[in-house]
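Chain naming follows the written order as A, B, C, D and E, and within any one chain the residues start at number 1.
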Amino acid sequence: MNTATLFGLCASMLIGLGLYGLLTHPHPLRKILALNVIGSGIFLLFGAIAFRGAAAGMNADPVPQALLITGIVVAFSASALAVALLLRLFEVTGDVSLANEDPAAHKDTSKDRPHD
Amino acid sequence: MSLLLNLWTILAVSLGVFFFLAGTLGLLRFPDVFTRLHALTKADNLGLGLVVLGLLPQMNSIHAMLKLLLIWLLVLFSGAIVSQMLAQAARSGEIDS
Amino acid sequence: MTPSLALNLALALLLLGMAGWAVLVRSTQAAVIGFMVFGLLLTLAWARLDGLDVALTEAAIGGGLTGFLLLGAAVRLRSVEHRATLQAPGLATRILAALAAGSVTLLLAFAVLTLPSPAPSLAPAVAENIAMTQVGNPVTAVLLAFRALDTLLETLVLVLAMLGIWSLADDRVWGGRPGFAIAHDASGILHYAARILVPIGVVIGGYIFWIGADDPGGKFQGATLLAAMWLLLVLAGLRDAPRVSSQALRLWVVLGPLVFISVGLLGSWLAGSFLGYPQGYAKLMIVTVELALLPSLTLILGLLIMGAPKREIGR
Amino acid sequence: MTESPASLLLVLAVLLPFTGVIFGLLIGGRHVRTVALTTVALGLAVIGGIVWHALGTCSGSGTAIEYVLGGWSPPLGIRLRADGLSVLMLLAVAVVISLVSVYAHADFAPHDSGKETRAPLVFWLMLLAIWGSLNLVFVSGDLFTLYVALELLTFAGVPLVALDGRGETLRAALRYLLFALLGSLLYLLGAVLLYGAYGTLDIQLLSQVVRPEALSWAALALMTVGLLAKTALFPLHIWLPPAHAGAPAAASALLSALVVKGSWFLVLRLWFDVMPNVVTLSAAQLLAALGAAAIIVGNIVALRQLRLKLLIAYSTVAQIGYLFLMFPLAFGLAFAGMDSAPALTGGMLQTISHALAKAAMFLAAGLIYLTLGHDRISDLRGVAQALPMTVTALALAGASLIGLPPSGGFLAKWLLLSAALESGQWWWGAVMLLGGLLTSVYVFIIVVRSLAPAEAGWMPKTRVPQYQQMAVLALALSAFLLGLAALSPVDLVQLGRTPLSLLRGTP
Amino acid sequence: MTHALTRFVLFALLWLVLMPSLLWYDLLIGLLAVLAATWVSLRLLPPTRGSIGLLALLMLMPRFVWQSVMAGWEVAWRAFHPKMPLAPGFITYPTALEPGLARNTFTTLTSLLPGSLPCEHTRDGIVYHVLDIHQAHLEQLAREEQRLADVLPTARHTP
């Protein structure tokens, strides 16, 4: 088995692992972490594809590699925003649960102010 | 000549790996967080140093060698800082062994 | 089995093991530490895949900054850890999730095995055109010439994420400083480390930034190192986090995107196309953009870690 | 290929709003609104130029507007490309953005003290960012640039959801963000596979080389699922109602009318332009089945809501369903060798009329809340007295959602319905009619309740400025009169597009 | 001024090790980075008080590198020894060095010594964790302090 295929298969499994974590963990921080594992898997897959594209004296296709750098930076910004949101949620509510608030909250109570 | 240099590389890198192994063994065998810190920092410092020394003749220029030495020095310094921070944290009970 | 294959196989297994640990282990802090180790291993994988630029970025941002960010959050959320894990899903959900994840993995594995051979590649097209960009590193040529629009948009992504994080501030402390942890022990070891390491980091960061034109490295990697130095200064209490209302801060933050757009417009005037470079001036324009991006990226990456404004503006 | 200096307008349509964000952030303080409104005015001129240019070529050669960035042509470089779909969406979004800006003028005014405050800064900058990201989605011709555009759109939307700062809006924002991030990652995964298979990310080039094989199918499936999560198509809709209902009115209008359309538009691009020969009719049927479920479930849940804003949010869930009915209709027609253009035009009209009508409804709900101090549907009396124009707008927008003539919704449903009958898929027609019926029930309830006279001596809580009401009415009127587009001599939708049956090759 | 110059030269050497190019634009960027580093360094570590001669410190380096070799060897020996000979404990070393820069330099250097690990600064001195409490650690630390004080005459308290 060659390097690209090996890491491509590894990436497929990483994506599956991350997806499982994302679907089963109730803790939002674990979900963010799982999203990062999925992201790393996708990047690794793209890296394997870039490696397959070695040509013209280059060891790998530089276009996917450049896109990957962009992708890593974008993924980091997403994590930073998600973490900040999570910490703020914790600060305001003292909890990090993502579960639907109880149905009573859907009823109008005069104390809340949805917009102004 | 190059055979001799390769031999040196193999020898030094193997020795380096041996010290990494020693550090890991210490990490597993030693009784508490302080002794483990000894194992981790001191053995790995030496391990890294030997690996760097081993790789030196493989570099194709003087400045690549200097760069490698520089990396070693920086790691040495950071390792010294981090081990002190961890030891302080352990001493004040912020982390538990 | 060749040694190279054995090494790859070991690396792949370690990666899967660490990812599995990060996903499955019970404690969030342990999971994050697992993820950081995973990031380090990933760096090795990138080196095996001949992606040194990517390896550097992954080590700096993917493993380093993300790990730091998640670890900080895990420590802050320690008190609700127990409650958050109470609502663990039932067996049925787990089985369904495993089925979904498993089928995606199978689908992807199948796709990987059916990828065409020889692989399509843009490497020849890059090789043909790289001379016109006057930079030696093909990845830099893609990032700042062929697909410069993506890079421009990426800086805007960073600005928006920063604004999004700032927007989470309480109204009363708007304009204030992020509540980043600060140790005010002037004789402490962190203080000491910051004072010695930061200047060295500045030289190395400058080098990584500059080498990017011809060798692996570049503005993102350099900026990450510089941002880490800045965070070290703030963590050690040598410098306070900046006020988000500071005019100077904002100027430095938008400098990069603004220069990038201006250079793009200049291109549409001089070279007949937005983000185009006139013959012979490509490197000059690319360097101008990169130089302007470096301080902006450094600040934004640092600010993304520091979080929303928390403290009132002291007068 | 048309690359005239006018094509540079495509670049400006994307970058002008973002330049506004940069200057808004830099100048900040009390001037952010001025910067934003100036940018909106300039942006309108740019979009106007694009539309004018498109109409010019439309009567002539009928090709799309293209711009190759930096002179590096694809596959190495990136090109921007605006066909009829893009131009229409650019125009619709520009109209909604400018009218929402007018409405928000007072809501997000600078603080009296002259000090910078959080909400106005965030609102105005994110309004511009949403605009720029959407324009990028419409004109980008590259799958990776589109990924960045999707992320930009998410990052611009999330702060608006959480603008209010209460715990429940933060929770809604975090849920939205997690959904959206998974969605963009799946999209990216599909794009990666396509690059691995065909070595390009350019939409035009890809459409010429993509083959109906397992790899393309996997990519299409992954990308579609990801985009559906971002579009909030049933059953991936659960994040939408709390996120859209919890934001301030002007922000809700942007989120519900515009932001979800970005990812929807990408599904359209993928299915109709990138991989029409990979799509199977049964896959399109599945998509429409989800749409039908969204229509039924969304409308029924909407009917059971007690608060106006939540009702409108659930109505969005239902209306998103309509946007997916066009897929089997268009492909059904193309498979049968018939002209699929009416189905596509119908779908586009549906999107645009929903954008206009939904923005009008959320803004109207905002005014009603200000006037009454609450938005309980059971207690809307007095509204018509205090806000005659707003209730008219609500009724007109409702009429467009239901599909009464001559509204845009009517023309859209008319086109889709005839496509359904023509392609022998009457069941989708039945779903549309049932959906219209359910919609009419809640629109009727809202309007009738608002018409009830107030108690003697009741005074509105706040006096709403006249121009806000006029902005809402203008939105609703545009939705209502959109049906007159049928009288237009040119079908802008088809500008620069190859008929689907040709792209698929003759069956 | 001499301080600034010394640091400038040191950082310039660092740059040249990293990027041994004499092309004018490479040197220009290097100059910018080195100037920035010198400026940052002067801000962070003003040369007026408790000044550490960086050059003098570098002279001490080889000795401590050698110490760290011995330290690694010692730990490896203990880790591999079947009986694992350990007698761990804490000792307090009463130092005359000024708190802050001088003392931290001392602990950082001595953290490389065999068998000792600095863990805490107290009023009585520096607390070290040692692997073998019976060894003459205090004497060795005193020798190292003397060496440090020899190259940095200002580092000690004036008694």
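Heads up, the rule we're going with is that contacts are C-beta pairs under 8 Å (C-beta built on N, C-alpha and C of every residue); 3 or more make two chains touch, one makes a residue touch a chain.
Everything quoted here is computed from the prediction, not taken from an experiment.
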Starting at chain B, fewest touch steps before arriving at chain D: 2
Pair of chains joined by the greatest number of C-beta pairs in contact: A-C
Chain whose mean Cα position lies farthest from chain A: E
Between chain E and chain B, distance of the C-alpha-averaged centres to the nearest whole Å: 17
Length of the line joining the C-alpha centres of chain D and chain E, rounded to whole Å: 62
Inter-centroid spacing, chain D versus chain C (mean Cα positions, whole Å): 31
Chain A and chain C, separation of their C-alpha mean positions in angstrom: 13
Interface hub residues of chain B, defined as touching at least two other chains: 77, 81, 84, 88
Two or more partner chains touched - positions in chain C: 104, 108, 111, 115, 119-122, 126, 146-147, 150, 154, 157, 160-161, 164, 168, 189, 192, 196, 200
For chain A, residues contacting two or more additional chains: 15, 28, 32, 45, 49, 52-53, 63, 67, 70, 74, 77-78, 81, 85-86, 88, 97
Which pairs of chains touch, using the document's own definition: A-C, A-D, B-C, B-E, C-D, C-E
Interface residues, chain C side, partner chain D - complex: 104, 107-108, 110-111, 114-116, 119-122, 125-126, 129, 145-150, 153-154, 156-157, 159-161, 163-164, 166-171, 174-175, 245, 247, 250-251, 253-254, 257-258, 261, 264, 267-268, 271-277
Complex interface listing, chain A residues touching chain D: 15, 22, 28, 31-32, 35, 38-39, 42, 45-46, 49, 52-53, 63-64, 67, 70-71, 74, 77-78, 81-82, 85-86, 88-89, 92-93, 97-98, 100-101, 105-108, 110, 112, 114-116
Complex contact set, residues of chain C against chain B: 189-190, 192-193, 196-197, 200
Chain E - residues contacting chain C, complex: 7, 11, 14-15, 18-19, 26, 29-30, 32-34, 36-38, 40-41, 44-45, 99-101, 103-105, 107-108, 121
Sites on chain C touched by chain E in the complex: 186-187, 189, 191-192, 194-196, 198-200, 202-207, 210-211, 233, 238
